[in-house]
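Structures follow.
Consider the two complexes below, in which chain A is the common component and chain B and chain C are the respective partners.
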Partner chain A sequence: MSTKQSTLGQLIAALGLDTENEWSHVVRERLVAYALLGLYVFVIWFPIYFIFITSIKPTSAVLDIPISFLPTQPTVSNYVEIFQNRPFELYTLNSLIVASTTTVICVTLGTVTGYSFSRYDFVGNKTLLLSIVGARMIPPIALIVPFFSIMSNPPLIGGLTGSLYDTRIALILTYTFFNLPFAVWIMKNYFDGVPESLDEQARIDGCSRWEGFVKIILPMAKPGIAATAILAFIFSWNEFVFALVLTSSEQAQTLPIAVSLFVADDFVDWAHLAAGGMIAALPGILFGLFFQQYIVSGLTQGAVKE
Partner chain B sequence: MAHVELNDLVKEFDDVTAVDGISLDIPDESFTVFVGPSGCGKTTTLRLIAGLERATDGEIRIGDEVVNDRRAYERDIAMVFQNYALYPHKTVRENMRFGLEQHDTPEDVITERVTEAAELLQIQDLLERKPSELSGGQQQRVALGRAIVRDPAVFLMDEPLSNLDAKLRVQMRAELNKLHEELSTTTVYVTHDQVEAMTLADQIAVMDDGQIQQVGAPTHVYSNPRNMFVAGFLGSPSMNFIEGTLERDSAGKLQLDIGTETHDVPDEFDDELESYLGDEVVLGIRPENISLNQDGIAANVHPATVQVVEPQGEKTVLEVGLDTGQTIKAAVDPDTTVQMGDSVNLRFDRDSLQYFDPQTGESLTYESKSEQKLTA
Partner chain C sequence: MSTEKQSLRRKLDRLFVPLTVGPTMLWIAGIIVYPTLKLLWSSVFWTNPIDGQKEFVGLRNFERLIFAEGGSGTVFGLAPDFVSITWHTFVYVGLSVSISFALGLGIALLLDKDLKGRGWFRTAVIVPWILPYVMSGLMWRWMFNSEYGAINGILTQSGLLSSKIAFFSDGTLAMMALVIADIWVFTPFIIIILLAGLQNVPEQLYDAAEVDGAGKVSRFVNVTYPFLKPSILVALTIRIIFDIRALDLVWVMTQGGPGKSTEVWASWLYRTAQVFNRPGEGAALGVVLLAVTFLIVAVLYRVFGESPY
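On to the complex of A and B.
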């Protein structure tokens, strides 16, 4: 006991604290902080954990009472079955095509447009930028009917006919509409943080404006590009409402819709829903884990003067 | 190497005229410094020469060719920016190579030039580092190195030392001097720091309001300013200006009535100043041309009271109040024992007096002083 007390005393002295009173106060503060953080982490991760556990339970065990929170008879049958009984490979492919195409379009156009807004002082550039970003301020729900109407009867251009309803193109166009303003905004802010003297130095070194952009400015904008890409990809991958309204079959339906199809009027196929949900959630979780550093540095670029 | 010629150069941004019809000849191998306060148009002039801005009017010649319509990289210039503008994602070596690669220079020439420049600037050890791993002084050297490897006809430098601390700035200033001595490349340099301008330049161009106020050798411009702006801008502490009315004393000599006392005008200025008889005239005297007179009142000795004493090491700057109420500065011997509140007699060195027209600011004695200098 006395050894313990003297060790504590040494520790208190080492930390530069005056009294044991102060020490216990610090400990209490820390405990409260950790408890709150722990609760937060639990609230975030528990649903994901629970879906995972459910996805590896045999179908018959899913609704067992009491609920088991640990895998007692782990199985991959749910994962195998959703690919066997339903065209999950098509849904996944649709999601991949829609999300990656949207991402490529948004990053390409967003980067070039953002650079122009950052560097060129043309008439009306502020108004244009505001109207581009402002378009994103409209609540998406207000646009569902117009989008449905446009995609079902697209304006005829160059003699093209036909409906875009239930096509991946409809989703790609819609998601581009929602993500491009973000992409332009992020990239414009990113380029604003890159000194213009670098463009000028490139011009003196023998680059045209385009060459200077590609060879000098673009490589410096990688974090901004990464942030834009991740946001666009995850948005398109997760989007549900427009996908529900604009598609009706596996030729265009994406994973979120596929997962929702496990909910029938009088029955929910929990085990398969959980397996589908895990597949749908995976890219988001992986992207988040690996690229979070880029998201932060990409979004905060130019916020402080270095 | 080439000379640069600016003819009636004008640059307008919307309603603002940044460069207002300047003409200047920058001789081959010279080190010309544009100096002036912020917004005087000096950087814009440099950017016009670089091809980063298009002239609204006028002509820019590099060598014998008009380059107005040429792109920056076709002008055979290299520029050093205030923030160095090193490519952050490239190593020092890649930074130095980039311009040469863009010009399709053969590999062996690139390697040779980069090695030579790195040796010249003593940055051999830094070649594989990224700019973010370098100190300010090292970044500065790399920026210079990148300009040197290009072996351009003209170096353009936009306040390249202003981001360095005071000690490093003095050191780099000396190195720039040495570098120019060695390479003899025509250099156009922009700064707001008059000490930099004085120490580096063969030719100094003082700018204000988009116009060149005066061009010449630094010492000539310093001792023979063409107008009150140049007189006040060059020199620290700056020139004192004392306003008075020009009149003749009973003996017929010109003198300036500066309130409670008079100041005798040296005879040699009789011709220039005669037409101003009865008018206001400004007397200019630099602080270092004022000394403390021990022998009591004599010609051009003015009684004053010491208000502030600022020892600066090599000199002591006094802020003194004349009996007329005006405050002026005097730079005196650092061994002086005067203290705040002391009464002193100030002697104005008669060879260093300048007279200006208070309306136009023009020097009334510029021609005559220039001639004196030439005949001497």
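On to the complex of A and C.
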């Protein structure tokens, strides 16, 4: 009897039926997960694919019916033409100058201030930190009226600069408004994760606060600085509303504005718009592909309190 | 010499906090506090469009926007435009946030599994959020184009539909297009935040729940949710307040049209201040937007019972 039972057990085990269930359950779950993720990725990348093939179709072929979903006769003519017929090199330069200057200002101030907020319990520490959190919630668009009037007629520095309307300086100043509080916040949270014993060790070794910060702490903070810099750059590079309000010519207009200029009332020049859009999207795609972990950690540090 | 140097060092050390915090605070005062005060100030003035003269009008800008002046065609005493635009904003934000939250949570749970190629999927999933909103908006406008758009192409060339749909000629369909674009752009943000939150759930608790024979739903409610709650709160708060202020997608896709059927607060504010050149009323709308934002944050944090900082 018992031998018979064990033979049956052996048979089941040999056929892998007992473990098979467990195993196939796991496999099935994974296959479903892959299928769902694959479908999701396919659906969200399809529009990017479609605008990309639009950008490499001959200008006239964009309006062919039936629509071709494959890049027949691929060409770079749309890309060449936007640089020939429109000042795209100036738009790109403006975008680069505005985004990188904003990034340098915000990362520098954000790093030193974030460090002090993390380490020192000075008078007003809590209140100032709370004001930074509050500043992050202010909807930028609510302030287009005051920003327009301030930049057209700047107080204090107005005698020196004149109107800042349609200048890159106006955009840089404005973009620090949303990026600086964010930078302080990310860096504060990042420094909170750097052990304080390192500061103490530096003091014991005879470093001043400045030396300890620059020599010991700053090198530890590189990933946090990278995350802040990448996010500040992307936010400034992509910004549209204030560029729309504060600029009017190619001496300050950035790529998002340049792309929107292909829309003229009822007529849209889709082929060239697609090419311009791909150029504007390039840094984002590259950052996303190569520095994804910094974007994720920056956003997480910036959003979650600890 | 050396004592002199030391006393200088000590002096510089004492100035560490003022020197590192001071400039940032001055910068913030100039670039955030001053404009915000100026916003409040501008909201109580009316600017004559002809000679640019400003006239103090008290709260009349708010009255004009929120309450109808003449009293005809009002909805419970409120201006019809205010009511319909608030409704559009509610629909836009409500649909976009809830759908993208559900989708983002699902994808985050899938990506939290121990799958091969997880990093690759994560990268692929994040990209839409990093692209310029203008480019994304125009891309979707192109996708939904009534003649040459990919969506009409797929529907008609596959034989599913016999005639093409003019998405942007119909208020409801235009709103749907906007919501889809918004979900496409912002779901990655939800995924990132929730995925980070999922890392906080201790693995042993899942094992313990499994031993107790807890089903998937019960495991999510009892194990995952309590740990995920702070991340859910952050994701929802930021999503909602960013959607209320969002102009980019609406402006490049529909400009509030057809008619006023997709006009939301942000596009109304922009149109009032910049297109119609009525800075006083634009500023008044800015004040309303600011107040609503802080109100929403306060309510959300009260509901979830967490401290906002």
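In this text, the second predicted complex is superposed on the first by the 260 of 306 C-alpha atoms of A that agree within 3 Å, B and C clash if a C-alpha of one lies under 4 Å from a C-alpha of the other, contacts with A are read in each partner's own complex, and residues count from 1 in each chain.
Assume a contact is a pair of C-beta atoms (placed from the backbone, for glycine too) under 8 Å apart; a residue touches a chain by one contact, two chains touch by 3 or more.
All values derive from a computational prediction rather than experimental measurement.
Colleague: Under the superposition described at the top, does placing chain B and chain C together on chain A give a clash or a fit?
Modeller: These partners fit in the superposed model.
Colleague: With both complexes overlaid on chain A, does A:205 touch chain B (first), chain C (second), both or neither?
Modeller: Only chain B; A:205 stays clear of chain C.
Colleague: Which holds for A:259: it touches chain B only (first), chain C only (second), both, or neither?
Modeller: After superposing on A, A:259 lies in contact with chain C but is clear of chain B.
Colleague: Check whether chain B or chain C contacts more residues of chain A in the superposed model.
Modeller: When the residues of chain A touched by each partner are counted, C comes out ahead.
Colleague: Can A:240 be said to touch chain B (first), chain C (second), both, or neither?
Modeller: second
Colleague: For A:219, decide between first (touching chain B), second (touching chain C), both and neither.
Modeller: Touch partner of A:219: chain B, not chain C.
Colleague: Between chain B and chain C, whom does A:181 touch in the aligned arrangement: first, second, both, or neither?
Modeller: second
Colleague: Could you tell me if A:197 is touching chain B, chain C, both of them or neither one (first, second, both, neither)?
Modeller: first
Colleague: Quick check on the superposed model: minimum Cα to Cα separation from chain B to chain C, whole Å please.
Modeller: Between chain B and chain C, the minimum C-alpha distance equals 8 Å.
Colleague: Can you name the residues of chain B that touch chain A in the complex?
Modeller: It comes out as residues 50-52, 71-73, 77-79, 81-83, 85, 87-89, 98-99, 102-103.
Colleague: Mind listing the chain A positions that touch chain B in their complex?
Modeller: Checking each residue of chain A against chain B gives 195, 197-198, 200-201, 203-207, 211, 216, 219-220.
Colleague: Which bits of chain C are touching chain A when the two form their complex?
Modeller: Those residues of chain C that touch chain A are 9, 12-13, 16-17, 20-21, 23-25, 27-28, 31-32, 34-36, 38-39, 42, 106-107, 110-111, 113, 115, 119, 121-128, 130-135, 138-143, 145, 147-148, 150, 153, 157, 184, 189, 192-193, 195-197, 230-231, 234-235, 238, 241, 244-245, 247-248, 251-252, 266, 269-270, 273-274, 279, 282-283, 285-287, 289-290, 293-294, 297, 308-309.
Colleague: Residue numbers of chain A touching chain C in their complex, please.
Modeller: 29-30, 33-34, 36-37, 40-41, 44-48, 50-51, 54, 62-63, 65-67, 69, 109-110, 112-113, 115-117, 120, 122, 128-133, 135, 137-150, 155, 173-174, 176-177, 180-181, 184, 208-210, 213, 234, 237-238, 240-241, 244-245, 255-257, 259-260, 262-263, 268, 270, 273-274, 277, 280-281, 284-285, 287-289, 292, 295-296, 299-300, 303-305
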